[in-house]
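Note sheet for the following structure.
Chain nomenclature is as follows: A, B and C, assigned in order of appearance, with residue numbering initiated at 1 for each chain independently.
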Amino acid sequence: MATDNANADGFGEVSRVRGIVFEYLSLGASVFGLVALGVLLVYVSIDAFDLANASPVWLLTYFLTLVVPFLAFCLYSANDPAVTRRALGVLGGGLVAVAAVFTAIETLLVPIPRLNWQLAYLFVVGAPVTAYLTYVGSGERVGAVGFGFLGRLLGGAALGLAVGTLFLVFDSLVWFLAYTLGVVPAVALYAFGSARSVPQAQTAALPAGLLGVVAAVFLRGVVPTYPSDLLIYLWTIAIPVAAAGAFAVAERRGRTAAAVVAGVPLALAAAGGFAAAGAGLPAPTVLLVLVLTGVPTAVYVSRVVDAGEGLVGFALPVLLVGGVVAGALIVEALGVPAPDPWLDPSFLTEAPSQTPTEAGLYPAIVGSVIIIAMVAVLSFALGVGTSVFLEEYTPGSGPLGTLTRIIQVNVANLAAVPSVVYGLLGLGLFANLLGLGIGTAVTAALTLSLLILPITIISAQEAIRSVPDDLRRGSDAMGATRWQTTKNVVLPEAMPGILTGTILALGRAIGETAPLIMIGAATTVFRAPDSLFSRFSAMPMQIYVWAGFPQADFRYGVVAAGVITLLIILVGMNGTAILLRNRAERGN
Amino acid sequence: MSNTTSDDSLITTEVQTESNDESAPPAGAGTAVAARDLNVYYGDEQAIDDVSMEIPEKRVTALIGPSGCGKSTFLRTINRMNDMIEICRVDGEVEFGGKNVYDDDVDPVALRRKIGMVFQKPNPFPKSIRDNVAYGLKIQGFDGDVDARVEESLKGAALWDEVKDQLDSSGLELSGGQQQRLCIARAIAPDPEVILMDEPTSALDPVAASKIEDLIDDLAEEYTVIIVTHNMQQAARISDRTAVFLTGGELVEYDDTAKIFEDPEEQRVEDYITGKFG
Amino acid sequence: MTDSTESPDLSRQGGLTRLKEGTYGGLFAACAVITLLTTVAIFVTLLSDAVVFFRATPIAEFLTGINWSPNPAGGGQAFGLVPLLIGTLVVTITAAFISIPVGTLTAIYLSEYATPNARSILKPLLEILAGVPTVVYGYFALVYITPALKATLFPEMSTFNALSASIMVGIMTIPMVSSISEDAMSAVPDELRQAGYGLGATKFEVSTGIVVPASISGIASSYILAVSRAIGETMIVVVAMGAQARMPAIREAAFGIPFINPADVLLESGMTITVAMVQITGGDLTGGTLPYNSMFALGLTLFVVTLVMNVISDIIAERYREEY
């Protein structure tokens, strides 16, 4: 702004002190909340991972074996001397600065509880630098390959576990019948229709599929024998996933490559599944994890190898695993005492307990996954339907226009209704009046779906509105019906935005507690739910209950671990949503 | 575009050459679209004022006039794209294929399948070139050889040679002029009877625009082309018949293009064409 | 008029196509109607049980009663809203002391001072504040904020107290104030700013003297939304504020003027409307009892209050949209 420094001689000078103070004050206000949250997150991480008891040698070992190689990988990928200089400067300068400031505060003012300067350095300097370098590194080819590869491994594994969890409550036999009698014929009809240009076959696909699903429900009790669970998952999930992978590769690279990309992970997964069955492990979950990790990864590898760039990136997972193993070996060899984190594998696989060290989150995680899966389906379907109706199907005037405006205002107001009131709705309507049961997964899923429905609708509307009108008019002028325009032009364009909004809304649902309390979700359950109508708990519910326990080990240990677990899942979901959005924006 | 009088002679010469080339007189052809006592209102404002005109088959008819004169509105009444505008009200008749398209039993969707439309700004769908051209076939449930029809349409739109090796790449990767020809290919793929063009070259550079003009000439062998343009030279170059709309949606003069540009009946039309007005 | 041999068929398509179009249209309309039904269902559910409650407890008694004890151990059941209202007001006002100044300054910084780059980083980061599950905030308040305040400023503070909870509610609602206010400020046309600079105003004077007044209705509507959100906030207060419905002690200052010492309210535990509802769920949830019905009366109160605030905020915001 020219006026800001127009202090030309002869005109005197207007005081800027107030302005400068105000600018820094407002900057301070902007980051106030974030800094406060950041400090709290630091403390909850320290508690969850017992970092307060980590010796400096232990920290240094892992810093050298894990963090430094990771940063080196990012710098190698960024391949920019300026970034390298800056990163090294901040890491080095930060070390001196943090140590000096921290020591000064401790000696002159107050001792800072449960922090030492090494930890402070890791959080204040190490974490931001790592985040920045991850961002810069992933922008270049090598880093993009590395993180893409890592993301598919982790995402596939998480998805496999989640799908496996769903079958704890959903009847896999009904699914088997529905898939065989409904999905397969419908897909076959549709594919036949598009390949041979037989529109009748395409039209018939949906009714045929529905018929098959209905038939499946009736046949469930009639059919006497079923294949084993492992075979069911192989047939209904592993093979279609592999087929989809093969399809994605076949268009680009031909049949042989497709067969390899789909066949190898499928064979590995099947072998893994049978091996697990032999070893007494949960074979279906092993199969699902292997196939949902393997196929997308294989497709990705094939694509990267095709492009022939950034192959070094594939070393990233090896680097990380190697770092962990090396760190563990060194710590063991040196005899350094290791911290005893509350958040460890047993925390995720055990049931809650009165003893802090034995308490686990497993039933609550399962409960959350099941609820969120149902909420996702319900709120996505209702959200897309409503937003399509509001944006594409209704005029702005006339009686229908008035109805649209009423719905619109109503949606905006619903978004602001306190969540605890939705809880009452769930209790009064779903649990008691409709008899779905107090504290059951179905009641919870319906309640939470209604709770996030307004958010889903509003974001879906925005996504649909951002589709240029030119495209709609182009389609209309071709003689497309409203549904054809919606299906062929509007929804494909709006889908990334709709998905992003839905995932963000699901993030809201997964952390909601008050409605769960109101519908009487169980405070503590010791077994994972085995049907939609069994009492269940959810992660935030369990956190709430534990936070009320008086023992310090619960307050500062177990709950912290639960909070970190919940936050990691949230970050994973929101990260996926943001990646989706960025990808769609890049695509245009 | 320039409306100065010095351009007048240029226009006249071109028109003369053009009309000399034409063997069949436009008036002799059958009627593709006819408007009778057509009035269109946007709310209280009248956009088309009692227009009656017959548009000949397999000819290029240009609609010209100053901005806001209702020429685009008239174009959109033909395929009922005005239905999308809620405050728009239509009185009178538009006959197409012996039927008033505003009759109650006419489905605007079915109507639009018989009448293609090309817009001012190229608006290819964010799909592959092949899917763009095949779009109309797909929604109409075409059960013939789609690929053959795609090729035929792209050839008809003089785009085939440029894109035949990249049919699966996105239509958005093409240049502006190519995109507009893609839109023309999309419009002709379902084999409509009439093609409406709403200032199809105004968003394009001159070279791309002249390609489209050549293409329009060829299209008129098979289709009835009705084109809105604010570029008088363009109207003079490519059209057989010209209708001049002036402010208020009034159809002031409608005649053979040569006649309009050489010897208009109305003083207002002459003023407009020579740039004294508008 | 025409010599074309066959006239095209323009008639409406029948049968399958029509059916398909109608089915999809109907499905979408049904989805949209579900949102209306939700509102109706909320209202009916709340009202039907609240009516039963008000038959047993007159509305006047409910609104003016100063004692809340729905599940007393030794008798003396009482349903007085006043202590809950006080608790709710304390949390809301204290939270507003954080969210309103911080949120407004944030909005000014984002809209007037921040570079596009800084804005593109800060805005999504601020949304994180609203995205953290509230039970996590409640946990933070209980195990980190309260001990920290106790160790430094208020040694006499009780473990469950209104202050820590309010601070967390305030931080959580910052993005509500900042994002809506920033939208309103960004909507102020640049000509107004240019006019200010043209008169020799500094950036500070333009920001506070021109932009803020011009967008005041948007800013006000953001305040109302943030306050309404604070009123309905449940988990933070449930976890960190405890559950004691108390009337604050009324002290006498000089000349016998009664006053309430803020410390009596802020540093002690208390109970908001939402906490009261959660507390009742510890009992029987199948319905039919008076405490069960009182929950719906409280819910109705909450619903009406937040609804009214949203409508007011909408009306105010509508006005500023018309201005430009």
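Annotations for the structure displayed:
Just so we're on the same page, contacts are C-beta pairs under 8 Å (C-beta built on N, C-alpha and C of every residue); 3 or more make two chains touch, one makes a residue touch a chain.
Note that this is a predicted model, so its numbers are computed, not measured.
Taking the mean of each chain's C-alpha atoms as its centre, the chain lying closest to the overall protein C-alpha centroid is A. Greatest centre-to-centre distance from chain C is found for B, with centres as Cα means.
Interface comparison, A-C versus A-B: the higher count of C-beta contacts falls to A-C.
Distance from the chain B centre to the chain C centre is 55 Å, each centre being the mean of its Cα atoms. Chain centres here are Cα averages; for chain A and chain C they lie 26 Å apart. Remark: chain A and chain B have CA centroids separated by 50 Å (rounded to whole angstrom). Under the contact definition stated at the top, the residues of chain B that touch 2 or more other chains are 109-111, 114.
Looking at chain C, no residue sits in touch with two or more other chains.
The residues of chain A that reach two or more other chains are 481, listed in rising order.
Interface residues of chain B facing chain A in the complex, by the touch rule stated above, are 79, 81, 84, 86-87, 109-114, 116-117, 119, 121, 123-126, 135-136, 138-144, 146, 183, 186-187, 190, 196. Against chain C, the residues of chain B that register as touching in their complex are 30-32, 34, 54, 57, 95-99, 101, 105-107, 109-111, 114, 193. Only residues 1-4, 7-13 of chain C touch chain B when the two sit together in their complex. Residues of chain A that touch chain C in their complex: 1-4, 14, 16, 18-19, 22-23, 25-34, 36-37, 40, 43-44, 110, 203, 381-382, 384-386, 388-390, 393, 406-407, 409-414, 416-422, 424-425, 427-429, 431-433, 438, 450, 453-454, 457, 481-483, 486, 504, 507-508, 510-514, 517-518, 520, 540, 543-544, 547-548, 555-556, 559, 563, 566-567, 570, 574. Of all residues in chain C, those touching chain A in their complex are 16-17, 20-21, 24-25, 27-36, 38-39, 41-42, 45-46, 48-49, 101-103, 105-106, 108-110, 113-114, 122, 125-126, 128-129, 131-136, 138-140, 142-144, 152, 171, 174-175, 178, 197, 200-205, 207-208, 225, 228-229, 231-235, 238-239, 274, 277-278, 281, 285-287, 295-296, 299, 302-303, 306-307, 310-311, 314.
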